[in-house]
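Order of writing sets the chain letters: A, B, C, D, E, F, G, H, I and J. Residues in each chain are counted from 1.
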Amino acid sequence: MITDRTQVTAMIQSAKISKGIKWSEIAVVIGQSKEWSTAACLGQMAMTKEQAEGVGKLLELSDEAIAWLQIAPYKGSLPTEVPTDPLIYRWYELVSVYGTTLKELIHEEFGDGIMSAIDFSMDLQREEDPKGDRVHVVMSGKFLPYKMY
Amino acid sequence: MITDRTQVTAMIQSAKISKGIKWSEIAVVIGQSKEWSTAACLGQMAMTKEQAEGVGKLLELSDEAIAWLQIAPYKGSLPTEVPTDPLIYRWYELVSVYGTTLKELIHEEFGDGIMSAIDFSMDLQREEDPKGDRVHVVMSGKFLPYKMY
Amino acid sequence: MITDRTQVTAMIQSAKISKGIKWSEIAVVIGQSKEWSTAACLGQMAMTKEQAEGVGKLLELSDEAIAWLQIAPYKGSLPTEVPTDPLIYRWYELVSVYGTTLKELIHEEFGDGIMSAIDFSMDLQREEDPKGDRVHVVMSGKFLPYKMY
Amino acid sequence: MITDRTQVTAMIQSAKISKGIKWSEIAVVIGQSKEWSTAACLGQMAMTKEQAEGVGKLLELSDEAIAWLQIAPYKGSLPTEVPTDPLIYRWYELVSVYGTTLKELIHEEFGDGIMSAIDFSMDLQREEDPKGDRVHVVMSGKFLPYKMY
Amino acid sequence: MITDRTQVTAMIQSAKISKGIKWSEIAVVIGQSKEWSTAACLGQMAMTKEQAEGVGKLLELSDEAIAWLQIAPYKGSLPTEVPTDPLIYRWYELVSVYGTTLKELIHEEFGDGIMSAIDFSMDLQREEDPKGDRVHVVMSGKFLPYKMY
Amino acid sequence: MITDRTQVTAMIQSAKISKGIKWSEIAVVIGQSKEWSTAACLGQMAMTKEQAEGVGKLLELSDEAIAWLQIAPYKGSLPTEVPTDPLIYRWYELVSVYGTTLKELIHEEFGDGIMSAIDFSMDLQREEDPKGDRVHVVMSGKFLPYKMY
Amino acid sequence: MITDRTQVTAMIQSAKISKGIKWSEIAVVIGQSKEWSTAACLGQMAMTKEQAEGVGKLLELSDEAIAWLQIAPYKGSLPTEVPTDPLIYRWYELVSVYGTTLKELIHEEFGDGIMSAIDFSMDLQREEDPKGDRVHVVMSGKFLPYKMY
Amino acid sequence: MITDRTQVTAMIQSAKISKGIKWSEIAVVIGQSKEWSTAACLGQMAMTKEQAEGVGKLLELSDEAIAWLQIAPYKGSLPTEVPTDPLIYRWYELVSVYGTTLKELIHEEFGDGIMSAIDFSMDLQREEDPKGDRVHVVMSGKFLPYKMY
Amino acid sequence: MITDRTQVTAMIQSAKISKGIKWSEIAVVIGQSKEWSTAACLGQMAMTKEQAEGVGKLLELSDEAIAWLQIAPYKGSLPTEVPTDPLIYRWYELVSVYGTTLKELIHEEFGDGIMSAIDFSMDLQREEDPKGDRVHVVMSGKFLPYKMY
Amino acid sequence: MITDRTQVTAMIQSAKISKGIKWSEIAVVIGQSKEWSTAACLGQMAMTKEQAEGVGKLLELSDEAIAWLQIAPYKGSLPTEVPTDPLIYRWYELVSVYGTTLKELIHEEFGDGIMSAIDFSMDLQREEDPKGDRVHVVMSGKFLPYKMY
């Protein structure tokens, strides 16, 4: 009996490693970007019935697991408030170092409000560079203004 | 006597508000992007002598404050591990929700290693959209592989 | 020199207590609801120039304080992650006890997404009741769906 | 052997997902509002014998599980002090941003005391809106004054 | 300028020590029990105008301090989640060791609900004992049942 | 194999719920107050051989479990520093709100020292009240003075 | 105005350093052991009137400071839960490494109960040793048994 | 398969309770003091082959467990930073209350440095006392001076 | 089914202890330094196919475990933010005590930037010394300057 | 009046920045390595009278500050358990990632014990490298074995 969505994530990770499948291949089956598809497999997004069945077939998941993939999961992928993994920590560090800068510049351009993390998309690409290739990430989130009432 | 770099940040914030100057105007004086310049003013980067004197003149800072601007500061701009400000929290949430996704996709593309938060640049723009303008952020960081030894 | 928005909040609290003014009276000067107006005075919203000048005149604030009221503040009004004040703790407890219930019911009605805390309004009223009057709060937040991309 | 009420919550979640049953359907069996019923299933309220047996029959729970449903549970539905799930975090953020506002306005209206989180009810509805439907929540809690003694 | 209720608590502590006044003497001026009166002086209860003026006169507080005493304070008297002072820690330890016992016995007697910490009174007396005098504390709080809705 | 006293607590809870036995009935078998007996069952006190065997017989525990009941357990019954359960939280809140009051009044009456949480007893009763029954708790702890040396 | 006992500790530290006085000399004035006397000066014990006046005269403290020395202080001398100072950390480490050992051996010898930290004395001496002198500490605390009731 | 040293500690605890063996009896088999032997069994010290085999025979441990006993374990015996068990907490409290005192007196006697928690021994005895027996603990640790370089 | 890389670390630890193999022997099979090889086995580095198969053969790991060894793991080897193990704590203490010193000296020599923890190597050797052998560690990390943009 | 050693550190930082003096120049005055000298100035080591007077003269410190420099300070140079500054964080990350590796290798070479952080020295140099200069750090700490007793 599956009692937690993280069990399904573990099943996916385990099957993916055993079968040697790539996230970009899973994304083709899901029919969305590799960013959205990976997040969905890792328990951060809910899939449609078709998407869940596609992933389930590719990774040989049980029907119960496929049912769980269609449920909005309890989100948040990190085991600690400050992530210990160096790759993920660098992103936390960017928020720590540039957090007030992002705040100041968004307010200067848009006024009081936030950038949405829900109406949001992300694209990650390799940027070739003779001094060492770079990770190039584009993020786009809708600006949501605070309203008076 | 200034005993802490955060005092200089407070002086800059206070003078900027009183004088009604914009970060983009300060960036022109510094001669770098608005992103780097804002971060530097907020105590996350060290300025050259010329940059510090330019900012000092614009905001009428004391010589002591100008000296502090040239010192590599103790970085990290947030008062708590999990930021409470909604705008900055959304960025933390992106790391929380997409952290493992970023890790998986960077490893799939580049192998084991990290995206540098030091050899890094960022550009923030308004993206016009009929359904509501968006915050468009491009981040570029050098990939640094773990090496065997 | 004011170096932090919380200093302005303290000035407002102090002047309000000394002068014996009510939040609902301040709201009239601001021209918005008592909920929004109180939050703005307590450092959670940015005022327009007219609103800030109105509050400044009523409470005899300095020009510098009035300038700070127009800046988007670093939000979050509580000194600890779990609030110690009993009144505020009850609200935290509601999130703790009913958090997963809210999540389940919103997902059941709307699908995966969130209720916005930005495009949001709140109204608090006394509800008369022979067994003891009640606090009656209506909250309304736009549903924001996660999108595939 | 069931040794913890959270195991029963997991059984309920698992059965509900496998059978494709809705919370509102479970509420009909329980005979209370969908808000109370969901909270009770998620381990935040104690059921009567009849309610527990009704849920047990609908979801095919064991007699032991049905016995546990009638016991007052150790409450608190969130795994961390600051919730990581974006939907639930928005509620935490409302407490963080509006906590002092709620405190000020309740004290202004009622004097020193609290709004009860026990003698409390909640109703959540979809509010149709051409600019995007809204989540409309009404909360009602008895005001409890501090008494002198 | 007083900007925080804790400043008034410090003034009261300081004046009380300098003048050598007892809490029981302050309670006489306030006209309530020594328990309520001490809590009120330490920033946990709001006084009436008469009570605040009485305390103010006795301890030679400023008018501004007397105004603050009449405001419902941000409650919670301890600087850390787990108190470090040995006397107060013993009370925390009682909650830690006997917390689940209190829960079980109250539920067994009353059903699901809580003992109110608002509609609550406390009386502390010396209990003479040949093997060493004892601290005898009587606490009385209204039982508040969870209700279905 | 039992490897932790908390497993025995879970066995007791589970058997008690299945068999529908009350804490006051268990206390009769143990031959101590319901307060001490409940605490002992919940892993906060060590039983004598006779007490353990009596409980073991009543709840059909294994010999190994009965052996564990006679060992002084690692005490502390709460999973988090700040308890999330509303009933137990109210007791934590009492320590938070009244902690410094208890300290001041005990010092005023007895001098520097503490109230013992070891040489301690507690009695919990229903107090009938037309405005709603009350939980009436009497606590008695030996005063232990700090000594000079 | 002194508003906190830690201010008196700072005054004592500052005067002691400026005057070049030793703790053992202060202990002579107080008339107790160097261990108790140092703890009292550092805000962990309350002095008698004579002791406080003796220390006050030696270190040229104000009358207000002398009054504060006679009050039972809010105890706990460390700024963080886990001490950062290496000397003090070693003591924390002893509790961490040997904590369960102390528990097992005291229970084996005495039964369930604790070693008092109130009815307690300590003596610290240099122990000469050809391989390097040693710190020799003797601690003596009354055993307090848990009692049934 | 044993995957963690804490599993061996649990096996030892469980066997010791079932067989009714004392720590002092285990110490005889190990051939060291009861303090060191207990710490070693509880996962804080590494045993020699002979010691491990002796303990293994006495408690009927598997060969795998005996192998683990000879490995330097990941030390630290407490589940939380601040221990919840009252007996162990009293030791934590001693560090909290007397930590700065120990620091001052060791520095006064020896200069800057620490008392070693590695080159350390401890002896715990019952001290008979007509007013109640006492726990008498002698600790001896080598003083290690900070050196200039 | 393996669902987490830490399970593979536990398998390696367990097999290594049972077989009595040394880290330096494992390093020969891997063909890298003992430092890198140990870190890789403990779940901090990703191995090549050949390295993983070599380790797998030596320690008799399953094919699934061998597959997991080739995946970039979620790094961070410690269970708590402040490590409790005395050996590892000493390293944390070095960061705590010397952290600002390292920062000052690296900035004085190189300007603003960091020492890489990715482009990094480490060598640990026994340094013989008549006063007691020493642990001699050489660390080398690339300096990465912050760049303006 | 100086009441805390951190005030002296701030004075030193402030004077050093204003006067444009290097740590290596201060080290010459102190007569020890730049590593030890910087740590001493930053409040982590105690100076001799001559060293303190030398630094005091160079940086024009008051006599009181010079007296404080000779006192063993409360050590630990970081404001948070996990450092936020990227340069210092990388060192924390090394402990996090390589902590268990250091433990395993030191135990394999030396047996159970620790590397001293007190009988310790450190040397930091620029290592020229065509692919980018490196920070080269040599650390040497005495091995201290756990002893049986």
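Things to note:
By our rule, contacts are C-beta pairs under 8 Å (C-beta built on N, C-alpha and C of every residue); 3 or more make two chains touch, one makes a residue touch a chain.
Chain by chain, the UniProt names read as follows: A, B, C, D, E, F, G, H, I, J = Cyanate hydratase.
As the structure is a computational prediction, the values presented were derived from the model and not from experiment.
Following the contact convention of this document, B, C is the list of chains adjacent to both subunit A (Cyanate hydratase) and subunit D (Cyanate hydratase). Note on interfaces B-I and C-E: more C-beta pairs are in contact across B-I. Note on D-F: across the candidates B-I, A-B or A-D, the interface recurring with over half of the contact pairs conserved by residue number is A-D. Fitting subunit G (Cyanate hydratase) to subunit J (Cyanate hydratase) on CA positions gives a rotation angle of 70°, reported to the nearest 5. Computed from the mean C-alpha positions, the centre of subunit G (Cyanate hydratase) lies at a distance of 41 Å from the centre of subunit I (Cyanate hydratase).
With centres taken as mean Cα positions, subunit J (Cyanate hydratase) sits 52 Å from subunit D (Cyanate hydratase). Computed from the mean C-alpha positions, the centre of subunit D (Cyanate hydratase) lies at a distance of 48 Å from the centre of subunit G (Cyanate hydratase).
With each centre defined as the average position of its C-alpha atoms, the distance from subunit C (Cyanate hydratase) to subunit D (Cyanate hydratase) rounds to 23 Å.
Of all residues in subunit F (Cyanate hydratase), those touching 2 or more other chains are 35, 71-72, 74-76, 78, 81-87, 93, 96-97, 100, 103, 107, 113-114, 116-118, 144, listed in ascending order.
Taken chain by chain, the contacts fit none of the simple shapes, being neither an open path, a ring, a star, nor a full set of pairwise contacts.
Applying the touch definition to every pair of chains gives A-B, A-C, A-D, A-I, A-J, B-C, B-D, B-I, B-J, C-D, C-E, C-F, D-E, D-F, E-F, E-G, E-H, F-G, F-H, G-H, G-I, G-J, H-I, H-J, I-J.
Contact residues of subunit B (Cyanate hydratase) toward subunit A (Cyanate hydratase) in the complex are 22-24, 34-35, 38-39, 42, 44, 75-78, 81-83, 85-88, 90-110, 113-117, 120, 122, 124, 126-127, 129, 131-144.
Listed in rising order, the residues of subunit I (Cyanate hydratase) touching subunit B (Cyanate hydratase) in the complex are 32-33, 35-36, 45-46, 71-72, 74, 100, 103, 107, 111-114, 116, 118-119, 121, 144-149.
Listing the residues of subunit I (Cyanate hydratase) that touch subunit G (Cyanate hydratase) in their complex gives 82, 84, 86, 89, 93, 96-97. Touching subunit B (Cyanate hydratase) in their complex are the following residues of subunit J (Cyanate hydratase): 7, 10-11, 13-14, 17-18, 20, 80, 82-87. For subunit I (Cyanate hydratase) in complex with subunit A (Cyanate hydratase), the touching residues are 1-4, 64, 67-68, 71-72, 74-76, 78, 81, 117-118.
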